[in-house]
Structure formats: C-alpha cells, structure tokens
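Naming follows writing order (A, B, C and D), and every chain is counted from residue 1.
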Amino acid sequence: MTDPTDLRIAVLGVGVMGSDHVARITSKISGARVSVVNDFVAEKAEELAAATPGCRAVADPLDAIADADVDAVVLATPGTTHEKQLLACIEHRKPVMCEKPLTTDVSTSLEIVRREAELGQRLIQVGFMRRFDDEYMALKALLDEGGLGRPLVMHCVHRNPSVPSYFDSSLIVKDSLVHEVDVTRFLFDEEIASVQIVRPIRNPGAPEGVQDPQIAILRTVSGRHVDVELFVTTGVAYEVRTEIVGEKGSAIIGLDVGLIRKSAPGTWGGQITPGFRERFERAYDTEIQRWINAVRGGSSTGNYIDGPTAWDGYAAAAVCAAGVESLETGLPVDVQLAAHP
Amino acid sequence: MTDPTDLRIAVLGVGVMGSDHVARITSKISGARVSVVNDFVAEKAEELAAATPGCRAVADPLDAIADADVDAVVLATPGTTHEKQLLACIEHRKPVMCEKPLTTDVSTSLEIVRREAELGQRLIQVGFMRRFDDEYMALKALLDEGGLGRPLVMHCVHRNPSVPSYFDSSLIVKDSLVHEVDVTRFLFDEEIASVQIVRPIRNPGAPEGVQDPQIAILRTVSGRHVDVELFVTTGVAYEVRTEIVGEKGSAIIGLDVGLIRKSAPGTWGGQITPGFRERFERAYDTEIQRWINAVRGGSSTGNYIDGPTAWDGYAAAAVCAAGVESLETGLPVDVQLAAHP
Amino acid sequence: MTDPTDLRIAVLGVGVMGSDHVARITSKISGARVSVVNDFVAEKAEELAAATPGCRAVADPLDAIADADVDAVVLATPGTTHEKQLLACIEHRKPVMCEKPLTTDVSTSLEIVRREAELGQRLIQVGFMRRFDDEYMALKALLDEGGLGRPLVMHCVHRNPSVPSYFDSSLIVKDSLVHEVDVTRFLFDEEIASVQIVRPIRNPGAPEGVQDPQIAILRTVSGRHVDVELFVTTGVAYEVRTEIVGEKGSAIIGLDVGLIRKSAPGTWGGQITPGFRERFERAYDTEIQRWINAVRGGSSTGNYIDGPTAWDGYAAAAVCAAGVESLETGLPVDVQLAAHP
Amino acid sequence: MTDPTDLRIAVLGVGVMGSDHVARITSKISGARVSVVNDFVAEKAEELAAATPGCRAVADPLDAIADADVDAVVLATPGTTHEKQLLACIEHRKPVMCEKPLTTDVSTSLEIVRREAELGQRLIQVGFMRRFDDEYMALKALLDEGGLGRPLVMHCVHRNPSVPSYFDSSLIVKDSLVHEVDVTRFLFDEEIASVQIVRPIRNPGAPEGVQDPQIAILRTVSGRHVDVELFVTTGVAYEVRTEIVGEKGSAIIGLDVGLIRKSAPGTWGGQITPGFRERFERAYDTEIQRWINAVRGGSSTGNYIDGPTAWDGYAAAAVCAAGVESLETGLPVDVQLAAHP
C-alpha cells in the first residue's frame, strides 16, 4: 500500500526530460509518486507506466490533467502544446511544474500570467532549474548580503558540445539564452530593458545556415550590462559560467571550483566546507537511498546491503587498535586479522 | 519488502547524526519512512516523533529493533551499545545501517562478523559514507579502469576545525583515522598490514594532553604506503584530501576542484561535465523536491510553487522575442513588458 | 654595435616607468647600461644620474637623443612629446623603444610609420609588453599551432584597483583598451574593423564624470568578436584575463593558473613543467644575479654571498648521510651535527 | 671594450648546468661576464669559449681558479671534485658559487666550513636555488610574519619524470631529498634531528634494483614533522609541492596556482597581483633584454627591434580613436587604416 499522503503526479511528455522526472520522483524524491504518464507516442508512455509501480498511461494530455488520480502535473511536452495544457491545469486547479518555455510566444505567455492572477492562487512554476543550483544560490546569497556592493556588469558563457539537428539560429536565443535571461532577472531582481545579438564569424563546424556562436548583450532597466557567449556546437563539453562584477569586488561560478570571489585588498578565494555534514551531505543521501533500495530488494537475494560490510567494520577496528598501540610507542605495529568467515 | 510499501525504519540515537537521518528519510529519500525513534534521552526521541508524521518513540532500543512496525534499523547510538543492538538486529533478521564503529573493540567486531556469516544473509551495512562521495567514487573508478597503473603511494589529509571536549589522542585514531583506514581498503581492495603513528610537535591550541596533529603511516599487505595527517583542532575548516600516486600518473581529490589527474606527457586536468543533465542533476532534484513540498502545503496557503513564476516565464519570452529580432538586425531591441497583474 | 661593448642607453622620462627601466638596464639586463637620463623635472634626472654609475643627466630630450654617448633611446616621456622625439631618433638613426602610445593621434602616428619606412630600417619598437608575457606567448603559440582550430571569439577583462586623478573616460580607451587592441592584433594577426563602447551603470566609486566600467566590442576584419571589460576603479587589484574560443576548444589565461585549455572530449587542464630547469629558471637567474651583486660589494663587507652558506651545505650532507643509512634499515636515524664554527 | 667593472667569472664544468650558467651570465645577468671556462672534456670547454665573447678555456680547474683574469668562480663540476676546488677558492680568496653538493661526504663538508670560518670572510655560496623561487620566498615570508602561527607539519612531493641511468637508491636521497632538506632548514630556521626512509612497493617502471618511490620522514630539533614523497621515475613531469600546516592555518605551493592559504574562518585563497608592474615585471625584463639584443645586432641587418612595430603603434592609435568616438554615441565605429607603407 502506498503512502496515502504522497502526491500523485502526472508527467506529460516522457522524452529525455520527462523520463528523468519520472525516475526522480519514483526513486529519489520524497512525498510524491507518478500516477499517470502521457506522451504523444503512446507506446513510450505505456512502456514507462508498466515499469513504474502504481502508474498508468493516459492517451490524451488534457484527460491526464483532469484525471481524478492526479494531484499535480509536470509538463515536459513540446513548448507549442504548453498554452492549452497550462490553461487546463488552471481550469482544474492543478499545480503544474512547466518546463521552459512557458509558451512559445509573448502574448500567450502573458495570457497565462493573467489567467493565473485572476485565480488568486500560484499554480504555475517554470522550470528554470539554475535557481536551484548550489553555485547560483551561493552567488545570489553573496549579492543579497551586499558582498559585491552594487552589481554593475555580468559576463556569461553558455556552451554545448552539440545540439539536435532541428536547432536553428533563433532557437539558440529561445532555448539557450533564455536561461541567462532568467539568471539575470533572478540575480539582479529587475527586468531587462534591451537586447542586442552580435554575430561573430561562424564556427565552421556549425550546421549550414546556423549562426553559432552568438553574443547577446542585455541591458537591465537600471543600466546593468550583461554579455553572454552562446556557442552550442563547441564539440567539447557543457560549460556554464557566470561572473558578476560589482562595486566592491567580483565573483565567478562555473570554473569547476565553486564560487570564487575577488575582493579588496587584492585577494581571491573561496569558502572551505565547515564540517563533515556539509562536505558529505550528498554522500549521506546516496548511502541511505542505496541502502533503502537494497533492503527493499533483499528478501529475494538475502543481501540487504549496498555498501561496507561488517567485515569492513571489523577490519577497520583491527587497524585502529594497532594504531592506538603505535600512538604510545611511535613504532610500526602489525595488524592481525582473523580468517574471513 | 518488494511491494511498493515504504520501508518502516527505526532510527536509534537521535543526536546530530540520527536526527539528520530522520530528516533525510522523511523529506529527501524515496521508499522509506521513519516509524520509530529511540534515544537514551527519552524526551528527545518523543519530541522528534511528535514532529515526524507516522512516527512514535520507543523507550528501549531492543524493543525498537523487535517492533513489528519496523522493517529496518539505523544505528546512530554510541559505539559502546552497538554490539548488543547489532546482535538483536541479527536475531530479529532486521537489516541495519550501523554508523561507525561497528563495535568498540576488535573481538566483538569479529564476533558480529561471524554471527552474520552464520546467517548466510548480509544484514549489516557500516556507515563509511565516503564510499558514496562523488570524488571518492571517481577516484575508485579511475583506479579500477587502470588509469593510474599500479597504485604505489597514497597521501591523505584529514582536518577538523575542532572536536568535542571528550576527544582524546586515541579517539583521533579510532574516530578520524578510521575513515582513511576504510578509504585505503576500499580504494586498494586489500588489507592493511601495519600502522605507525608519528607524534609531531603539538598544536598549542590543542586541549591539554591531546596529541594533535598525528601522522599515521599505513602499509598494505602488498607494500603500498599510505600517510595520513590527522589534525582535529585546526581552527580553520573541514578538509579531506586524498592523492594516489601510481605507476602511470597521479590523481588528487579534495582540492575543491573535483578529481585532478596528472599523467604523461606532462599534463594535468580534469573532466568537464558532458551535458546539462549531469551539470544540473542536483538542481533538478532540489527543484522538484521543493516544488513537491510546496504543492503539499499549498492548500492552506494558495501558493503551490517554490520557484520561478509564470511571470518569470512571460518575461523570459519577451526578452527572447526581442533577441530573435536583434538576431536579424544586430542592433539593440527594446523589451516591452506588460504591467505586472 | 656587434662588438662586445655594452650599449649606451638614454632613458627619457624618469617617472615610474622610466625609473624602472633605468634600474632594469643597470642591474638585471645584460649588454647595456644607462649613459644618459633626462626628465622635464631636471632635478629628478640629476638625482638618478648621480645614483647610476657612468650616467649623466642631459637637460634637453633632443640633445639626449643626439648625444654621441648614446647608442639607443628608451622613451618614457608623456605621449604628447613622442612625435618630436621619435622624429629626432629617426633623424639620428637611433634605435628607440617607445612606451605606448606611439603618438597621441592617428595622423602623427601614421607620419612616424612613413618616415621610418622611408629609412628602410626598423628603428622603432613600441612598448606593448604583453607580447613578452609567458601566458600571452603560450596562448599565441597554441593558436599558431592550430590547437584551438580557427579562433572565433575572445573575451578580455582589464581591471585596475584605481587610476591617477587625471584619468577620464577617453583615457580608459586610449590607455587601457589600447593593450587589448594590441593583444587582439597580435594574437589574431589581423586588423580591427570596428569598435563599439557600451556604457554600463557607473561604479559609484568612480570619479565624478568618468564612465567606468566600459565594455568595448571589437570586430576584426575577418569577423572575429572581441569583448573587453574595462574597469579601472575596482578597489581590488590588477587583473588581466583573456579567453579565446575557437572551433576546436578554448583557452584562458589570467586566472593565476597559467594557460588552461578546454578541448574535446570534455577535458580541461594545463601543462606541468617538464623539468627542474624550466621550473626554476627564474630562481636560477635570481640566484646568480644576487650572488654577482654580493660579490661585487664583498670587498667592503667581507661577505661575498647572498644565499645558502657552506654550513647549509654541510648540514644537508649530514642529513642525507643519515638518510642513506635509514634507506637500509627503514628506521629513524639521528643526525649528528658538529658545533657551528 | 667590455665594462671594466663587470666581474670576470670562471665557470668550471660546462655540462647542462654549467652551460646554462654561462648563457645566463652572458646574456641575462647584469654586472658579470664569463672570462674562463673549464671542463674535464677539454673540447667542450674550448667550443663554448669560442662562442662566448671575451672568454677562453683553461685546461686545469685549479689553474682556472687561480687565473688572474678570474674574480669569482661557479662550480658546476662533479661533486667528487668540489673539495679540492673549494679549498683552492679559499686559498685564492675567490668567491665561489658551488652547485650542490658542497662535497660528497660529511667530514669534508665540515672541513670546508671550518676553513672558510678561519678566513673570517663568507666566500662560499651553495646552489640551493629554491630559496630564490617566488613561491618558496612567499611561503617563507608568510611563516616569518606569523601568518600560519607556529608551523607544525610539512608535506612535500618531489617528482621527476625520469633520471639518468647512473641514479641509484642512495642518489635519490643525496640528489633529490637534499633539496627538501634545505627547504626544511630554510623555512623552519632550525636543524633536522632525525631521518627515516620508508620503502613503499616499487614502481614497476623503475630501473632494476632502484628503490623508487621513497618516503622520507624528517623530524626537526623542535619536533616538527616533515614527510617527503620522492619519486623520480614517474614518467609524467617535474612536480615540486610543499604544504605547511601551522597552528593558525596552512599554505601550499606547487599546485601551479601560486601560494594558496587556508585560514580561519574557513576560507581559502591567494593574493591577486596589485598592479601592472608586478604582473608584467618579467615581461618588461624580457622585452628590454630582447630589444637590447636586437639593437646590438642591428647594424648588420637594418632591423633594430624585436617586438611591436611603429605600425602596431599606429594601428592601435586608430582603433582607440574610433573607440573614443564610440564612447560618445554607443554605436559601432569603423576603423580606417592607411595602406601599410
């Protein structure tokens, strides 16, 4: 019997992102389960439903939203279908987590905003996931506590090794730049007043007709400058980097070294994790999740663990006992282990 | 236990580590819930039970283990109580995740190993969480794929800003070094043959009578050398660092830059995240978990989100539309936003 | 001038840069000495001449250039005087190392170029010192060997903690940006086709009326994009950073970690110094220069060294002898030192 | 005619190190020139003398030391010959820069110390060049200003890609460890009390019979602990690393990122160069040295420069003029260049 308080989620669109969300909700996230999946390729949804306990496929996305067995909705469908699906969520008062874009044009996006505002409830969340990234959160916290003084300039880099074949020049703006647009609004808490796209010499490796790289120059209402290198056919790897320059110093994330801050008097550096709980927080989460999963499967295998064994605990005890002995004498002490049973 | 029912966990000992585990199982981990808590300070357990849905306090740890409402046990009690509690888990065939140490001496540890072996089931997992840390896992993978050739030498640093007042010289061995003991056995897949503890000049800031720092020198059965700096009163921060030197190069973790590898011909470096799913995996987990939590609490607040709003989606659409226009002309394009409803 | 005689140099202008050059030529550089100094503050030149062996002050810069005791000229005078002085150097066929700017306007700069071209000799070198910096040279070498494929985009940062009080908005272009202009031309081997200066929100700490920071956007003849953050009142430190993005990867310098390169398949990293001669090249130079200086001054002090003593050599020998003994036994060996004579 | 105040140096032994010193004194160092070279392979010395202006070869090293044309001596001969040559330097009162080792055994080293002490002059400097390295000097300065409090522990790594075929186990101690011995004495200003060499499992790639890697454990008189990994057949590159752990924090050099310091409250980082003179000091030295060299060779080529041309100065002026224009309008301004003459 499932936990009756778990939220029942419909995931609409089970391509790469949608499938990831199904797996996440099923095996990594507390308090929810996937009750319904939907995809315009019906077989894909059915297959996934079969592999997910307590889940069924529903053929029509609007039916899925309306389903009595659905408390909330994750939209991972193509952007062109979002308007209709979001309106259905509003109609049925179903909270919805909508992958970007909200809709594919400005006027329908505004219409969604207005319809939700009329409700007086906040039902719609948009999937700008960078706001939940440790480094972006650290940068936001640094700004909010005034650590950089007034922010003046931001430099961003957004690089993909490659993109799907349907990507064209304008998708680089709508699908890639959109993240830096949200990052700018999130970090600076203000709107963007103007945009300029500069077209450098094309990457010889970019698909015919696609302007890549592009340089976007954003100006916020208060006059802050943001530049973004968008380069989606680098052939190298995924790189996202953001540097903010303020009146009291600068800070950069995305160099694979956490947040690096430069400030007077001429120093650069970062924070060291204060303690083992912070340093190994993820390890603890993983340890317990993998143990839980092993225990759940243990009755059929007789193996209820997925990690260090009792023997590992015994061997560690034996070594430490030798260490305590050496602490007195300073000399090497041999470790004596019993035969492994 | 293979049915979809959440596992019911008893957490014994609800100090810092135990409470962390209760919170983790309750709000971050899928597939389990805490049904019973226990602590030798009864009020602490009762308070925590009251704050945890579906959970009650049980006064005696052995009763908690035997409780019919308990499928598996997390031991976060003092090490001195582990032996008795582990034997109870074995008796009741309850899988148990036991924080280190297994027990506080070598002979009882071995006894536990033997009792579990007689069962023919693996019930006991020991809480050496570093095996689940991304960096240690990357180092292990690099070794196992032969990336460093035959490993020869390992250097470790283990620093704490401070330790509880009851810490003495031998606890530095049993409580701190024990992690590097397990790391050595995990990474090298072999036992440790001898231990030597060197006593450098004492830190003037260490408590009276405590030998801190200490240098531990481990030798594995095949002759690999491991040295460990143990320094638990640095006053600075928590630092754990491990470098392995092999016949084909070296690799280091714990420099706050992921795994850095040095190899012929004279290069150093690391891996860049291949794609956005890997780069933002944690952000996605956090985004969905916080959204689920908001939706669960939404009926009382009318707010079903904890993240970017529909307005954020609309504003992004408006900026991108201006960007697409600029992509044609190369000139700055003003962004026109409606009034915020 | 190919005989072994040291070149006799006139240094014109002995402010900060000029004095540095005098000290450099006198005590760090081989093959030249300063025979003449000049400054529009006559006392400053006379003082410096008195402190520099074999050097005298000459009151008029044109006389200094013409002086029979001068083989070559270093111009560290204000830019407004350069035209006249450079023409004098050309007239007298004196090689000249001219600190930037060549002259203060475009037409006189071109005139200088033409006059030198008529001579058919290259007499004039301009002081763009970044071309001689290890990191810029490494970046240039990487580009020239095709390591990044075709370069497409360059990002530069140029930050000063503060600037002299006479700095105004246009000096930021002429005195700061000018370095990135030369870096662009040097690295890309092509001319710049257009420039755009974007004015972000002003740093509240910048002097009244000065536009700081500025963002410069350069476009080369072949269409490469270069952006430069110019920020000369950061209050922090001097930072110069350059990243080039090419069709086969990117490389960045100025992060205080040498040249970092990112390339397929998703790796980042740098070069480790191949040997001790490269690693300690500067240390060897410094060691020998300081020793030479000590020996030259030794007759008056009886001390002919500035570095490790014979005792240091003896003590090292004693420790190593103990080490060789321990190499056999593996046990600690005490070091016995004689009394220090 | 050469500068009569330049010191006349005899370089004894012109293998790799000796030849480097000849080149250094001839073309990079101020105030000295090489007047005599000597080598036990006479042709090598003669060839080098022929290529070095004002220099001649002298067949006997003791004659070279005694030569009236020699003010000071650089010893780069094999260590076995040092004793006799140093005694000759003392006899003739010739200052000498002696590459390590001082001599090849402890008693003769002590004898040298005593003979110099009897003179009452400091004539002998030993070539421990690390004391002149920027990073070691920064670490020493940090210690001396108390930045780490009382130093307690030091960890060193000393790796070579390979060593000459005559290297044996004890040379690793005498030729490699000797540097860390001096570094320890230099940084801690105290003598070393004991040494222990630990022999890990051998590198399969090390020559037959050579114990490589080795771990050296030094203990200073006051009880400080130093450990050194010596590994001279890594096949990778040259790596030298030193970390000091003190009562108030730690600092590490040799990570290719300058000196990194960790200190309370949980921060890590380094210093940014304060200004352009510090950042580009080496570039200025190189620029001027290369210019001087070009001017000296110019009469035969008509080319008196080795760096940016007048055209480079003109082009920079033209771009900056366009930049100043754009500063007003914010719009792109085209750069107009004359034809290259």
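A few remarks follow.
Here is the rule we go by: a residue touches a chain if its C-beta (ideal position, glycine included) is under 8 Å from a C-beta of that chain, and two chains touch if they have at least 3 such contacts.
Predicted, not measured: the structure shown is a model, and the values here were computed from it.
Shared contact partners of subunit C and subunit D, listed by label: A, B.
Farthest chain from subunit C (centres taken as the mean of C-alpha atoms): B.
Across the two candidate interfaces, A-C and B-C, the one carrying more C-beta contacts is A-C. Matching A-B against the pairs in B-D, A-D or C-D identifies C-D as its interface repeat (over half of contact pairs the same by residue number). Rounded to whole angstrom, the centroid-to-centroid distance between subunit B and subunit C, based on C-alpha atoms, equals 49 Å.
Note: centroid distance subunit A to subunit C, computed from Cα atoms, is 45 Å. Subunit D has residues 161, 198, 217, 219, 236-237, 239, 256, 262, 266-268, 270-274 in contact with two or more other chains. Across the complex, subunit A meets subunit D through its residues 262, 266-274. If you check the complex, the residues on subunit B that touch subunit D are 149-150, 152-153, 155, 157, 159, 161, 198, 200-205, 213, 215, 217, 219, 222-225, 227, 229, 231, 234-237, 239, 245, 247-250, 255-256, 262-268.
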